[in-house]
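Letters A, B and C mark the chains as written, and numbering starts fresh at 1 in each.
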Amino acid sequence: MSNSTTSRGGGTQTVPPTREGSSAASGSTGRTPRPEWRQRLTRLDVRLSPYLYISPFFVLFLVVGMFPLAYTAWVSVHDWSLIGGKGEFVGLDNFREVLGNPYFTKQLVNTISIFLLSSVPQIVIAVVLAALLDNQLRGRTFWRMSILLPFVVSPVAIAIIFGSLYGDRYGLINELLGHVGIDPVGWHTERFASHVAVATMVNWRWTGYNALILLAAMQAVPRELYESAAMDGAGRVRQFVSITLPMIRPTMIFVVITSTIGGLQIFAEPRLFDETNARNGGSDRQFGTITMLIYDFGWQLRDLGRASATAWLLFVVICAFGIANFLLIRRIGALGGDR
Amino acid sequence: MTRRPGFLVYGLLTAFLVGSAAPLYWSFLLGSHTKEIAAQGVPPLLPGGHFWSNAERAMTTIPFWKAIGNSLLVSTVTACSVVFFCTLAGYAFAKLRFRGRGPLLVFVIATMAVPTQLGVVPMFILMSEFGWTGTITAVIIPWLVTAFGVFFMRQYLVDAVPDELVEAARMDGCSQIRIFWHVAAPAARPAAAILWLFTFMQVWTDFFWPLIALPNSNPTIQVALNQLQSGFFKDYSLVLAGTTLATIPLLVLFVLAGRQLVSGIMQGAVKG
Amino acid sequence: MALTLATTAAACGGGDDDGTTADGVTTITVATFNEFGYEGLIDEWNAANDDIKIEQVKVGTWDDAKANLYTKLAAGSGLSDIEAIEGDAMPAILAEEGAFEDLTDDEIDGRWLPWVEEKTLNADGQMIGYATDIGPEGICYRADLFKKAGLPTDREEVAGLMGTWDDYFALGEEFIKKVPDTAWYDSSGGLAQAMLNQVANPFETDDNTVEVENDELKAVWADVTGNIEKGLSTKLPQWGDDWTASFQNDGFATMACPGWMLGVVEGNAEGVEGWDIANVFPGGGGNWGGSFLTVPSQGDNVEEAKEVAAWLTAPEQQVKAFAAKGTFPSQVEALESDEVTSATNAFFNDAPTGEILAERAQAVTVQPYKGPKYSDILQAFQAAVLRVDDGSQDAAESWDQFVTDVEALG
């Protein structure tokens, strides 16, 4: 963390460590010497403030965020019926059972496939869209707010609309394809087609959201950088690649990490898309995801133990992907500091 | 970047706008026709004249305005709380040195990687321990802080607030809280505006937890809208008139807040 | 905000308090899904009673109601005083010892049809639920499409042609030869459900041993999947968007029609003319669906809740619910009442639906044995049928996967 190291060095000049005493600092900076209690106070301020700032968050987070996690971990090593409650301690049996379940592998592959089909195009389009919006547009507010429109649509409406778009027999898309002589696509039955359909729903909903996050970061890039680059004869694309992208890297990391987490936990869209009674992702779980398997174990089969074990297995998968993505993006933009 | 954007830029943006708005328009279309036409699937391109009669039906079927009021309350309170607490913590993670900073941040991010589907059971147990089940509090509390918010603010502030600025302020003898308030907070405005909006929308569309935590006489809007689907036969014109109507307060909010938010994004740009 | 919290807590009985306010009024909450037709009844009760008030908690679908029910059973609190349970989930509820009150009461002995009452008894013979409605099945058909195919259209004549499943399928083959663009029935899933409801032990033996490789189930499987090949089925998942759209597109000519299905057909087929219902069900009578009211033990006012549940499911009340939302009563007296037997339905060519359905209810002879895993296995079975429907697997492959799925249920 190079930048942070710099700031620490700076800090040492103003607020010297206790053991060196106070005389050195007040003398060398040439400012009005401050009374010692004041310096102590400042030092206390510097030392305690961070904890003060994070503690309200952590206190609340421990209750609302951590308790459910700890509970799930506790349940995952027990025989635990949703209605009947806690049974025997079974160690890792639940995990073994889940790993041995053929649907786990199948739904893991589905999850990754849908994740790739949604996250990759989503981030690429979001970057382009943010770059377009980072212009001196007429009616800026209008354009910027308009990309959030998908966000206001109620999930109930999304299910209905996308259901009639992607109907296998009477859907609008297949009807249009029919006009140009293409055979109807089995959106709910063919595995890959169903992934595409679900990914479309995801992308429709979340691209604008990611674009807005990236836009905010782009707006924080100092304009002078562009001006001097322009004077050096750099074109707009070149400016974008060599100035904008490196400057928004922390936000880029944020977007990639959160899309990885969100993408691998995808639940609402495939569930809304499903038309079977069991709602676990098509007749042969063509588009069933891991989170749908968790729901199936938990609420359909009422086996909270296996459901919790699946949740923690997904946690491991997400961490692996998250770390890989983090390293990847750090390598891609290996300019500037390590953040 | 003084050059005015050209036709291509507007063309692309318009295409995107059409794609974003089409499903919303479609719901309005189906909601504006009789259920007979709505039942036939793909609607005519122009709205019919039955939107208000359908909407009125929806409003008498469910406690519509009460639900909107509840959702506004829950979304506003949580959005403000998330922005406040997460900006504070995010700033500490981005700009202050303290023991355990790195591991704590990784820990916060890692908690996001645990799927939340199972969280409702322990959360319900927790809320009933506190005696909050059935009240609006039960829906607000779980959203007061989010790991997402902290991570987001941290990533934004790490670059948006130059270290030199923090340093200079400290050299001038500013206390930490003054630095936060006068240096970090203004720089955080655009990100804070976005975080506010996102949290608001996310809580607004949340369904499962409010369904379980609130009594049905006092629901949030998503839970209320779901009641329109009672019965084996789904009356699309009724459901979609209801959902469209429920987006109107949001659109108004967007227009009102939009200027504020976007100007926030502009002003937040730290000059060098 | 403090004010808001205070008022909401008062308005809803505040979750954890015992539902009794200072002036001695007890509020009993009744959680229902879909349409129970109870709105008018609750108003009637509340107008007549001062000490106990009823409040309805309505959720859109059983799916959501179930998630809510299970979460709160798991958490040990938060359920309504009375919870409605969908019929096929009842066996799993009966298996949960101690979670629900015993509602046995001599005064209401003989209120329900015997085969309905049987579904409410747990292993110890305690009555855990009060039945609300049932779903006796007839055959709904499109008279206009029948005419097009040169088949009789009169409901008595049609009934005469469908005495057995073989008759019904043979008639279907004749039909699709004449009208090739229209399937014979709405969905393989619906047919499977109808046929399963005539099998004595579809998935489990009487001592709750899972046994899916039995001849009767295999026979149902062979019929359902064989018909898919012959083109009798629309091959669409029941309740899906395509299925809904098929009502408007002459997608099929007949369907198994429990009483509550009439409203579904009328809604989905709005504007389509020619629907009728025949007083017949292939292979004897059949019942599909029906719900129960239960009283969870975690509630604070179980005695009052029992009283309210008994009142709501009394014949006089269910007759009114039938008038309001068409939920067909399960009570002997209600079935004999004039209001029920004289009911007709304009959409179904003025058919005497009350009389027909009452007769269909009397015709139910076999009640399938449903153990605690019934609903889980049924979902696996429906998925298996759908795999053949949508062509992702052939019948043999899909059956094998079904067997594996059932084994994995543990």
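Brief remarks follow.
Just so it is clear, contacts are C-beta pairs under 8 Å (C-beta built on N, C-alpha and C of every residue); 3 or more make two chains touch, one makes a residue touch a chain.
Quick caveat: nothing in here was measured; it's all calculated off a predicted structure.
Taking B-C and A-C together, the pair of chains sharing more C-beta contacts is B-C. Distance between Cα centroids is largest for the pairing of subunit B with C.
Note: centroid distance subunit A to subunit B, computed from Cα atoms, is 15 Å. Computed centre separation for the pair subunit A/subunit C is 41 angstrom, with centres defined by C-alpha atoms. Listed for subunit C are residues 67, 74, 239, 245, each touching two or more other chains. In subunit B, 41, 121, 125, 226, 228-229, 234 are the positions where the chain touches two or more neighbouring chains simultaneously. Annotation for subunit A: residues touching 2 or more other chains are 82, 164, 167, 170, 304. Taken in their complex, subunit C has these residues touching subunit A: 63, 66-67, 70, 73-74, 92, 96, 99, 189, 236-243, 245-246, 249, 376, 379-380, 382-384, 386-387, 389-393, 401, 404, 408-410. Subunit A contributes residues 82-85, 101-103, 163-164, 167-171, 186, 188-189, 275-279, 283-284, 286, 299-304 to its touches with subunit C in the complex. Within the complex formed with subunit B, the subunit C residues making contact are 1, 4-5, 8-9, 11-16, 29, 33-35, 55-61, 64, 67-68, 71-72, 74-78, 239, 244-245, 247-248, 260-261, 263-264, 266-271, 325. The residues of subunit B lying in touch with subunit A in their complex are 1-2, 4-5, 9-10, 12-13, 16-17, 19-21, 23-24, 26-27, 30, 41-42, 85-86, 88-89, 91-93, 95-98, 101-102, 104, 108-119, 121-123, 125-126, 141-145, 147-148, 150-152, 155-156, 158-160, 163, 166-167, 170-171, 173, 175-177, 180, 187, 190-191, 193-194, 197-198, 201, 205, 207, 221-222, 225-226, 228-229, 234, 236, 239-240, 243-244, 246-247, 250-251, 254-255, 258-259, 261-262, 265-266, 268-272.
Those residues of subunit A that touch subunit B in the shared complex are 1, 3-4, 6-8, 10-11, 14, 34, 42, 45-47, 49-51, 53-54, 56-58, 60-61, 63-69, 71-72, 75, 82, 128-129, 132-137, 140-158, 160-162, 164, 167, 170, 172, 175, 204, 208-209, 212-213, 215-217, 219-224, 226, 247-251, 253-254, 257-258, 261, 265, 267, 290-291, 294-295, 298, 304, 307-308, 311-312, 314-315, 318-319, 322, 339.
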